[in-house]
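Here the structure is laid out as structure tokens; the discussion comes afterwards.
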Amino acid sequence: MESTIVRSIDYNAYFGDNHVVKNVNIDIPKNNVIAVMGPSGCGKTTFLRGINRMHELIPGATAKGKIMLDNEDVMEMHPIFVRLKIGMVFQRPNPFPNLSIYDNVIAGYKLNGIKLPKAEKDKIVEQSLTKVALWNEVKDQLNKKGTFLSGGQQQRLCIARAVAMEPEVLLFDEPTSALDPISTSTVEELFHDLKQNYTLIIVTHNMQQAARVSDKTAFFYMGELVEYDETKRMFTNPRDTRTQNYITGRFS
Amino acid sequence: MKAKNSPVRFRIGKNGFFKGVVIAFAFSCVIPLLFILAYIIKAGITKINWNFLVNVPKPVGESGGGIANALLGSIIIIAVAAVIAIPIGILGGIYLSENRKSKLAYWARLSIDILQGVPSIVIGIVAYFWLVKPFGGFSSVSGSIALAIMMLPIVVRSTEETLKLLPDTLREAGFALGMPFHRVVLKVIVPCGISGILSGVMLSIARIAGETAPLLFTAFGNPYLSTSLTKPMQSLPLLIFNYATSPYNDWHDLAWGASCILLIFVLVLNIFTKIITRKWKVQL
Amino acid sequence: MTHLENELQAVKKEVLSMWYLVESQLEKSRTAMLHFDRDLAREVVLKEKRVNAFELKIDRDCENVFALFCPVAVDLRFLLATLKINNNLERIGDIAEGIAKYIIESSGDFDRTLFESTQVLRMYEDAINILIDTRMAFEKEDTILARSIFKRDEVLDQINREASARVGAVIKEDMTVMEDALYMLSIIRKLERVGDQSKNIAEEIIFYIEAKVLKHQEDKGKE
Amino acid sequence: MKTFENEAVIARGDSPRVITGSNTGKLKKTNREKHSNRQIWTESVFRRLLFIMGVLMVVLVLGIMFTLIVQSVPSIKALGAGFLWGKVWDPVRDIYGAFPFLLGTLLTSFLALAISIPFSFAVGIFLGEYYPKGWLPDLLKNTVELIAAVPSVIYGFWGLAVLVPIVRSFESGIGEPPIGVGIFTSSLILSIMIIPYAASLGRSMIQMVPSHLKEAAYSLGATRWEVIKSVILPYVKSGLFAGVLLSLGRALGETMAVTMVIGNTSGIPKSIFAPGNTMASVIANEFTEADRTVYLSALIELGLVLFLVTVVINMIGKKIISRFTND
């Protein structure tokens, strides 16, 4: 039984007078991988950042409409609560350069000033790193700085950092665009494991990636949600000609 | 062929000549500095001993005496100035780097630019009218505030420049973990830029340590040992100025010793800053 | 194991299931022929629908994998081969159905001596074995086994070529068995097609594993 | 299904630790929310604090300007615009003319600038173009920066003790009155002090010259000097000018070193070797002695002029730099 975890209702986002996301209505089912794709500047990243209220960090950015998380409107909540429930991973791996691997994983607790007993911290670190398949690679060097890891490992460390907060939804903003192909496929494999426990929303401009990893795909174009469907259907028989043109590379 | 070669040879010769000129001029800048350093240290180092450090100056005519009052005064004045200017400066720098586009930030940035160019003597005048005249007398704390105003633009600027260079992804990483603004700033951004901020702070201290002009009308100077913040207080640069322009040889000796101490302090602080900046730099 | 590998495994499993089904269809129509079991023959005709369903399913699966994973190299060849093998298997399924239909159509029990004299039984045996071995070659990615199929298909061809003369002789001897004998000839012609299809499948297997195109070459088995 | 299994395990009591574990998990979450409420409060306080800092900076500068203007009102009222052109400064007779100090300031500053420019540009070219990397350029760069670090009072003292006797013998050599202290001496001191400003700015500007421009010239067979002369210097000339302006601003406002070696006489200097006074030095010398309102106010008006001139010069310099770096 699929239940909706995130639902956007007439969501609009603006940069000043620039209307970048237009009336997006989308239902995101729990424990699914949702890919959001579209040409650059189509509003997909803005929409993603709207879900955990990161959008409004940019000066001049505003948003309208509702985004329901478990029947609670994200737009009415304080951003801090939203972000505790919705984790995010960025385009470039961004571990905190001044923290060790261990501290990076529990950064969400440590830097928020939440005190935990050492044993529990150890448990969270091990569990989170295991979930992102990084534990075996780094368990002997937890005290090294996070930036010593390779790009792919850093990105998985960032995922572990988000996972450690036990969010309900994980947002990924082009998570592999700065990684080499091998690291990319490691991260992509991770999505399949993570979807057991979390709902994943992944923005990607690489449609092959969208096809490979997602259960459902949303196609954005010029700020509009053009099509939202099962990934299989989207890539074999898209309903909208714009989608067809985009995924076949015939965009003009 | 030869006709074509000779201008080229001339050009190559000219090239070498100007290179020589540039190098000569560039390195000759160092000569006066080395002269000054050598002279001050040679003249000053012999005057420095234990008594010099722990005694106050003797009246004219008596030999001996020290600069304890100026040393202690300098330390107190600088410390108070630092306590005032560092938090304000760092917070101000944070404000400027976090609000890059707001109107107030524009004016604040302009103000800091202006403040950076204000001659120190003008700061002294202003501090006199703000803190000396209304409270009825010279006081060390007014000197500290004047120096704090001088420190402020350096700290603000270095903090802002450092934080501006940090990638936005760092802030976003913090916000995405549900961290409130102040924690993102204080726990993520400031620690990552700590080397730049610290170097700004230390350079500003080095800068005010030798400032004399603002103290002329504020801390004023005091031939006796004083630790009161509301009384006039001696400081090293004041002592150097006053004794150097006096006609007495004993006082000149004191001034040489004080110059030597001040110079070493300032230079060590500068070099130390360079080292710390390199060592504490957070690898991004 | 990556996601794509999982998908490919699933397709392979599907193809193998279809293969077992087709084998059992052939087997059943043989049994039906041997014992003249019309019910069994009808079952074969009915089950042909399942073979067709398999074909459609595998086609769709391949399409999805193509669309979602953009496979390359061995994965791409595997899927291309699978599409054709799928097609060939469906044809073999059709053949089994055709044979079963003969049994339903024919007026009565076949004359048992005909099985021996026309060599249809031996041919049947060979055809099924070839199909099984092709499957083994596919399952184990065994190109040596796949190459042996070409030789064995020639045996079937041989029987097929001699069939006209044999059946003619049988009819000359005893005109009463003419109808049965003609059925036998038809079955032989069909079984020959099984051999051809298996040969095609073997070519696809070699293409998928070794990336060599053996189609329309004369001395295929011999390299 | 999975959750049902887990609950079954808990219900059977096989693993009591699982129960406590899940309970603390829930407790942790609510604690986290309470914690976050506190954080939200702190956050708004912090934002307000930062805002206050921004306001404070503006207020500080406005306050400085306001104070200077208000305090110089008596002198402006009493003396008017003639203050700036008055050639005599005699507080005893209540005559206040700032022209000697204006002239002294301009003379010392521009003389110092003229002396220091070749040196600072040479440093800039050397570090920016000839040898941007290596231990020797690093050493030079750090040493030149140290020039700016030495306190001005020490320059003054050194000038008094070392430079003045040298200048004195030089003056007697060329037939000038051998005073030693004077405008020339303070210009010398100043020229050393302001080298680093134009040098470091010039260096960073020259390093910003796009390499494709230089390579284009090299590929045409230009020598290094020709590249510097015809590509780099024209490209960075506005930046170099800004460096000169910043040096000038520094020279105008410099107080202590100048005060100590300029001689402190309030007449119009007859030659560049004559003693004189600058605006800064006259303030430093006479501010604490000024006993009448107009006297004090006149000094403050000098400070106001100094403030305005340095602010304008610095602003122009900064504008040029920011335009240069943004292009």
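Things to note:
Just so it is clear, A, B, C and D label the chains in written order, and each chain counts residues from 1 on its own.
Assume a contact is a pair of C-beta atoms (placed from the backbone, for glycine too) under 8 Å apart; a residue touches a chain by one contact, two chains touch by 3 or more.
In this text, all values refer to a predicted model and were calculated from it rather than measured experimentally.
Measuring from the average of all protein CA coordinates, the nearest chain centre is that of A. When you average the Cα atoms of each chain and compare centres, the chain farthest from chain D turns out to be C. Compared on C-beta pairs in contact, B-D and A-B come out with B-D as the pair having more. Look at where the CA atoms of chain B average out and do the same for chain C: the two points lie 92 Å apart. Chain geometry summary: the mean Cα position of chain B and that of chain D are 11 Å apart. We define each chain's centre as the mean of its Cα atoms; on that basis chain A and chain B are separated by 47 Å. Multi-chain contact residues of chain A, defined as those touching 2 or more other chains: 80-81, 84, 112-113. Residues of chain C found to touch two or more other chains are absent.
Multi-chain contact residues, meaning those touching two or more other chains, occur in chain B at positions 99, 178, 180, 183. The full set of touching chain pairs reads A-B, A-C, A-D, B-D. Residue ranges on chain D touching chain B, taken from their complex, read 36, 39-40, 42-43, 45-47, 49-51, 53-58, 60-64, 67-68, 71, 118-123, 125-127, 130, 140, 142-147, 149-158, 160-162, 192, 195, 199, 223-226, 228, 249, 252-256, 260, 280, 283-284, 287-288, 299-300, 303, 306-307, 310-311, 313-315, 318. Of all residues in chain B, those touching chain D in their complex are 11-12, 14-15, 18-19, 21-30, 32-33, 35-36, 39-40, 43, 88, 91-92, 94-96, 98-99, 104-105, 107-108, 111-126, 128-130, 149, 152, 156, 178, 180-183, 185, 206-207, 209-213, 216-217, 220, 237, 240-241, 244-245, 252, 255-256, 259, 262-263, 266-267, 270, 274. If you check the complex, the residues on chain A that touch chain C are 185, 188-189, 192, 208, 211-213, 231-232, 235-236.
Of all the residues in chain C, the ones that touch chain A in their complex are 2-4, 63-64, 67-70. Those residues of chain A that touch chain B in the shared complex are 52, 54, 57, 59-60, 79-84, 87-92, 94-98, 107-108, 111-113, 145, 147, 158, 161-162, 165.
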